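Note that the chains take the letters A, B, C, D, E and F in the order they are written out, and that residue 1 is the start of every chain.
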Amino acid sequence: MKKIVTLGEILLRLSPKPGERVHQSNQLLMHYGGAEANVGVALANLGMQVYFVSKVPNNPLGQGAIRHLNANQVHTDYVKKGGERLGTYYMEPGVGGRSTQVIYDRKNSSFTLMEYDEVNFEAIFKDASLFHVSGITPAVSAMMRELTIHALKKAKEKGVLTSFDFNYRSKLWSQEEAGATIKEILPYIDICSCGELDALYLLGLPQAGEGMQQEERLRYYYHSLQSQYPNIKYFTSTFREVISASTNTLQGNYYVDGKLHQSKVYHIDHIVDRVGAGDAFASGILYGIITNISPERTVSFATAAAALKHTIHGDSNTFSAEEITAFANQESGKIVR
Amino acid sequence: MKKIVTLGEILLRLSPKPGERVHQSNQLLMHYGGAEANVGVALANLGMQVYFVSKVPNNPLGQGAIRHLNANQVHTDYVKKGGERLGTYYMEPGVGGRSTQVIYDRKNSSFTLMEYDEVNFEAIFKDASLFHVSGITPAVSAMMRELTIHALKKAKEKGVLTSFDFNYRSKLWSQEEAGATIKEILPYIDICSCGELDALYLLGLPQAGEGMQQEERLRYYYHSLQSQYPNIKYFTSTFREVISASTNTLQGNYYVDGKLHQSKVYHIDHIVDRVGAGDAFASGILYGIITNISPERTVSFATAAAALKHTIHGDSNTFSAEEITAFANQESGKIVR
Amino acid sequence: MKKIVTLGEILLRLSPKPGERVHQSNQLLMHYGGAEANVGVALANLGMQVYFVSKVPNNPLGQGAIRHLNANQVHTDYVKKGGERLGTYYMEPGVGGRSTQVIYDRKNSSFTLMEYDEVNFEAIFKDASLFHVSGITPAVSAMMRELTIHALKKAKEKGVLTSFDFNYRSKLWSQEEAGATIKEILPYIDICSCGELDALYLLGLPQAGEGMQQEERLRYYYHSLQSQYPNIKYFTSTFREVISASTNTLQGNYYVDGKLHQSKVYHIDHIVDRVGAGDAFASGILYGIITNISPERTVSFATAAAALKHTIHGDSNTFSAEEITAFANQESGKIVR
Amino acid sequence: MKKIVTLGEILLRLSPKPGERVHQSNQLLMHYGGAEANVGVALANLGMQVYFVSKVPNNPLGQGAIRHLNANQVHTDYVKKGGERLGTYYMEPGVGGRSTQVIYDRKNSSFTLMEYDEVNFEAIFKDASLFHVSGITPAVSAMMRELTIHALKKAKEKGVLTSFDFNYRSKLWSQEEAGATIKEILPYIDICSCGELDALYLLGLPQAGEGMQQEERLRYYYHSLQSQYPNIKYFTSTFREVISASTNTLQGNYYVDGKLHQSKVYHIDHIVDRVGAGDAFASGILYGIITNISPERTVSFATAAAALKHTIHGDSNTFSAEEITAFANQESGKIVR
Amino acid sequence: MKKIVTLGEILLRLSPKPGERVHQSNQLLMHYGGAEANVGVALANLGMQVYFVSKVPNNPLGQGAIRHLNANQVHTDYVKKGGERLGTYYMEPGVGGRSTQVIYDRKNSSFTLMEYDEVNFEAIFKDASLFHVSGITPAVSAMMRELTIHALKKAKEKGVLTSFDFNYRSKLWSQEEAGATIKEILPYIDICSCGELDALYLLGLPQAGEGMQQEERLRYYYHSLQSQYPNIKYFTSTFREVISASTNTLQGNYYVDGKLHQSKVYHIDHIVDRVGAGDAFASGILYGIITNISPERTVSFATAAAALKHTIHGDSNTFSAEEITAFANQESGKIVR
Amino acid sequence: MKKIVTLGEILLRLSPKPGERVHQSNQLLMHYGGAEANVGVALANLGMQVYFVSKVPNNPLGQGAIRHLNANQVHTDYVKKGGERLGTYYMEPGVGGRSTQVIYDRKNSSFTLMEYDEVNFEAIFKDASLFHVSGITPAVSAMMRELTIHALKKAKEKGVLTSFDFNYRSKLWSQEEAGATIKEILPYIDICSCGELDALYLLGLPQAGEGMQQEERLRYYYHSLQSQYPNIKYFTSTFREVISASTNTLQGNYYVDGKLHQSKVYHIDHIVDRVGAGDAFASGILYGIITNISPERTVSFATAAAALKHTIHGDSNTFSAEEITAFANQESGKIVR
């Protein structure tokens, strides 16, 4: 089995119990996560051989992050130890009409301050089949921006499939900064996860005609993007309607060979924790591509993975391929006994 | 007040908190339960004098099971102590679209290996008015199959009313095995809890005509069964629609004197724990029969009991008759203050 | 900034976790609350300078109540220490169709037995702009009834705006007793929170004509009341539909200058804890009056505050004005990151 | 097996976790206990048939108390339901040099206000062999003082062995009040648990001569008491040295036929919860008397029971006779595996 | 009552439960603390009017810190809101032979980056009687070093008593840096908390003669220091012997008018949490000075306060003066009931 | 780095919190452990490349065991999935004088029923330097007895160093059975962990002369054993004195080249969890042998590792070599900050 490589920051997440607020709490639950780490963890739980590239401090929190990855069978040979701190964020979980709040405390983390030459992508991409990174990684520092582009070029040189998820975070960079960087990145990408708003506001595509349905608009944007970046073979995104913090709908989109494949629309109620659902979706798409399943089944699998993620605490999707497939096929939530 | 007797296995249930998975957990909640124990506990909470017949190991887990029964005022004079282990199961509670998963670890339990002559039904049924057992008990071992039939015969000899709940568990026996045993059992039964699928797949009744409504079909099956087993005076079941692990609908059915009585349809949302709801329903029916309330009120009471069970953790329904009646009559969930 | 004064009892609330019942619990969560304390806490979190007038025992539970108030920046200079016990109540939280149950254990509390001359309202109302009290305070004892009326008269003497919330509790007094006292109170009130049932059953207003809509009826009652008590400038109430303990709808009403202003209707699902929502609403109205915002925005703000309260545990609304305004304006529960 | 009867109040105990203080806590652990209830629970765990006479409110807290008793197989046929509240106390557990603090909130409880004719001791003492009560019961109210004396007289009439534990609580009555009542009680007692300070300050015995050792002094007091009350056949007490809240020494004393039998001195470190240790000791003595074991073994057993109690949370000693005997004989705390 | 002012950083402390390690944990307890905040909190619990000068971010963690201070009745009028983050540290609590480990993550905190002119000491010291600061404050940044000296000068100008605790932290600055700064500070100090090692390694005093007892040596150092800094009227320190993380001895030293007063030696076993014990001691000394109690009683009170702190979780000593005095006088850890 | 291989069963351990008893608990903490798994985990935390050979069921509990191993960087390539159940045990933790109780529920586990040919030791021992197994493995079944001996022979064939720890468990086999099997095993062993009682009761060595000191006796037994089994190069054991479940002393013994090396005697108080301490000791000895450190330092390191284990919950020693060395050298439990 060939290696899958993801590059990114792994953060400590600290969150009170649902129904409690950070400023009134006296204890916090710990989870470790980060977009690319989550994709790696999900793929490892799907049976893939995953290597995560990152840097964590050589202290108990860095060790905790590594333990988390190892518990999920993600290889940490390329997780360097050093620097001063683990990026951290506090999450106050939303319930009903109240939104989830995120307080970042991630500046000056070991990963953010990682040096260009601490990573040897030549070695890393040996025997690799896929490389995944998201827009969060180039956003954290100028060095990381450079490193991300370098890694993608190197991956292409070595014949490794590349995957990029826009993952735009307005607290990390402006739309202009993000757009400029992503435009540099896209020429090296095979699999691209971006949505309508990304195309419009980050890449500056001309707005779709009025009166177009959501689906038509997406086709239009993907078509335009593919004209500009013919190297991109797969586009993917989700339609999410946020009825409340506890109730969402979710539909997966997967555009390949000029055709848009869509999953059924999940009505997700009683949401436990939605963080990481996008990463679960990405992992499902990558799983489908690597294992060569049909676009229909791929987007169905990926969306089922994302929907399942909403039912468990933490950033990580730890469901097996069998569990996800069964969920994609099930009608309802019967007790299995 | 005359004794009510139930016979069955009491198990230790270990479950993580909602939103957590067994393989990632570091602590488990303990509950004790089992179909016939649950019926006994519920009837004791309704004020009945209940005796449970079973066997548990003479160790802290067996003692824990006995403490649970005693706390609910179930008499444990007929719970033998000995054997090697308490049957156990792990329950990963479902949320939203994700189903509850059950992992059985119940083989070789003290109850399963109980010997035929460890129980003296002659003494047990002295001054008894009702005997209840479910299809789980004969399923756990050949000895238990024999003992169940023996107990039912003895009960009939002593003029005790008998109740049998199919409770088919595919992880314990096949449809063929179950059908064969249950056919031996039914001639000794007064109150029978079984549904359409039971009639069809376990008893092999000819399928109801196409185009029949669910309700009509049920009447058809109960009518057929009563022709075959004229000794059965009461049939009962529920219609449950599983929209998700958190949202179900539930309606109670009660067939007596050739007439089907149905409760209103409960729309049960925000389910806390659905395990034991069927046992709560059974206890409500038995309560109605023993206390001589009308079929309409009996099925209404039983379904209310079952609906309430969904709102609390654990297998046991600990609501009083007053609470259940108030719930059956209420319009909504106001604060009472 | 001028002082806001509230007078009332602060209670210890002890509640099991959701899904658990008091008689089966082995641990209880502690919260401190009480109608007027809650209004004070909410107003302090909105940036007001609040003084609470009360009495608590000079023991760790009294200290706990004071710590709670201070943590929320409510001034406790007028909270006397003495007497024998802190009023207590046990709350079994409802879920789904099962209602929340309240067990009061508040008799003989320090507050209930507070003496008339323990409070110097002359000093308390110095530099005060607003005084709020609810119908619970005069209900707890004859002395408190007298003290409440005395306080209101004193407030009017000192030119302090007065606010009264009916808050009828049938476990504390009969409709007749409540009506008689409230009629004595109303002539001293500027801001009055009462609903249709209060007008009908406590004040004995003639029933609104058949066929009137809920909204028309409310206008009719407020109009009648204002004719009787022309001193009352503001009337306020909420329309709440209790679909289940977990799902309610809520709409705020605010009647001023002969015009009824209404908020949008919130559909509140996944309710965490509804206790204190009425107090959150009251605090929002008072905030609007003090800060001179328009009636439309006031009722919108107040109802948003009440809706938010449902999403957190405890009696206290600790949201800031910015958070409430953002919530009032938001469309859905997106993650903010 | 003949009945053992104990009469007393059962209280709800609410305590924060060790190392936390009540006024800073946000959750409390629940235990049920009370001197005579604890003795009953301990004796039931030793295999005796115990009946508890008391009164609790007919609400979830009263039910919780009954569940606790039933879980321990104490019969609650004579526990009346009614009245207004369950007596409660808050316990802030000491650690190291910091003492445990108790805050009583037990006034006006259902038990305290129980009426004389609510209890039929004629029926209760039928087939009883032993009646135990402590000085706390007559201390809670004048009615209870009367009822206690009545019960003791009745017990003697019916040939029931009587046991009385001084259990002086300065928060409930003065030394004078206690002394006067106890002097009325002692003529009806067979088994008396009191110590040197009780003899001196409550009964007013002349002080033992200077220079006497602790042991000699105890012999002197017991000798004097037996001269005054020749009906008392057994005297019992413990010597406890409180080095800190976490470290005590404990030795049991048992005076019978003019001879003082003493257990070894336990050095008890790492105390988990010392509440109920005296009751555990009393239950051990009563067990020894009922089962006719020698005075030496009785005091050894009772002191072992008391020492074990220190190692578990809650008021109740739930160890079996085998466990206590093994502990009395063991040398050290090896793992048994 | 005149104001007491303390200046310093308040940090978030995150710690696993005792017996667990940070890298294996999945939840962390939250406490807020910091040397000068702790002294302020302790003094406020002793009834003093305390103002804390600091800066915290305007986010839920900053609010949490303010809530903590307010709950303890520390005035937060001079706690500025702004900057980027709250200084944080992770504490892995030691047990037995294993030491407590601290992982600092406090760089770039709002306090560290506070600007010189954000604080108006002219206003702050109006009506103040005492100003306390420790060596941690000047250690966190050059700006804070400057601000500390400025504050001390201003305090002396305004006739405010000044207190300085060396509190040397090797993770924050070197002995040379600390020594240089402290030498600048000492001329403005009235009350100085430092020990033998501070005198030797930070101030470079000539080593005491060989063969001197610990007590003699301390007298020698204090005498030398007072010769150099005649402005210092009070010296204070503790002798602590660390037998294990769970067992220490502690003795307080207080040097005034050329005479050394010492408390008894506490043997502190079963330590719950020793963090903040030094601050509790400092608060006790300051309390003695402000309330004019004798040096003997002052050092006895301060050491009792410090010993008590070891018995509760968190950095804050929340004992009242009565509790501390009772503890100082008590013999052992009896239950008070 | 060469592979280290351990063979054994990994069990689920379920335990209530300290101070609680299994039969009264309502939740249990989960840990995974087993003698050889623990040695593997400890060695991996010391930086070794460890492979564990075992079998677990293919269910969430088996996955949980694998996650535990992976989190600690133990390779699970040779952990087979299949069979019916994970061996389980319940541990009621002792405190003070009360011993820890273990309830085994490990029969019919996947490991116990593993077949001879499921393991390919030829492949496993490729590039291996060390193989460790304990007496528990051959005790669980006849098949495992055979497999253990086979593995040891194979290891010797491949030039792999072998280590055997007697670990006698009376609940698994008799002294005779154990002795017979161990005698077959010893000829293949290089490193042997056994104590005086093992030599005497399992191997039947003639008793050491009266009057010999403990140390002399140990030398005598090791000398005798080495005469019989000259292949054994290293003997090791600990002297443990169990003062109570919370207080033990511990000294390590290491006999090599005819010389007994002993560590200092640790006085271990405030024990958190002693399970796994012997495995921690074994891992320390193996670490010393592999990394070629002197016998003196090896036994000092191993005993420090064992002492540290007592301070954390769970079976696993997760301390690094640096932490253990620092502990071995430290004087006391200071806070490091």
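Simple rule for what comes next: a contact is a pair of C-beta atoms (placed from the backbone, for glycine too) under 8 Å apart; a residue touches a chain by one contact, two chains touch by 3 or more.
Small disclaimer: the values here were computed from a predicted structure and weren't measured.
Participant: What are the chains that chain A and chain B both touch?
Facilitator: Both-contact set = C, F.
Participant: Quick one: which chain's Cα centre is the longest way from chain B's?
Facilitator: Relative to chain B, the chain with the farthest C-alpha centre is E.
Participant: When contacts are scored as defined above, which chain pair ends up with more C-beta pairs, C-E or C-D?
Facilitator: C-D
Participant: Measuring centre to centre with C-alpha atoms, which chain is farthest from chain C?
Facilitator: Here the answer is chain F, farthest from chain C.
Participant: Round to the nearest whole Å and give the separation of the Cα centres of chain B and chain C.
Facilitator: Between these chains, centre-to-centre, one finds 45 Å.
Participant: Can you give the whole-Å distance between the Cα centres of chain A and chain D?
Facilitator: 63
Participant: Mark out which residues of chain F touch at least two other chains, giving numbers and ranges.
Facilitator: 21, 23-24, 26, 67, 101, 270 - these are the residues of chain F that touch more than one other chain.
Participant: Building nodes from the protein chains and edges from chain pairs that touch, which of line, ring, star, complete or other describes the result?
Facilitator: Chain contacts: none of line, ring, star or complete; other.
Participant: Every pair of chains that touch: which are they?
Facilitator: Chain pairs that touch: A-B, A-C, A-E, A-F, B-C, B-D, B-F, C-D, C-E, D-E, D-F, E-F.
Participant: Across the complex, what residues on chain A touch chain E?
Facilitator: 14, 21-31, 59-61, 63-64, 67, 84-85, 88, 90, 92, 101, 103, 105, 107-108
Participant: For a test of understanding, state which residues of chain A touch chain F in their complex under the given definition.
Facilitator: 67-68, 70-73
Participant: Which positions of chain F touch chain E when the two form their complex?
Facilitator: 266, 268-273, 307-308, 310-314, 318, 327, 330, 332-337
Participant: Show which residues of chain E lie in contact with chain F when the two form their complex.
Facilitator: Residues in contact with chain F: 18-21, 23-24, 89, 94-102, 104, 169, 171, 241-247, 270, 274-275.
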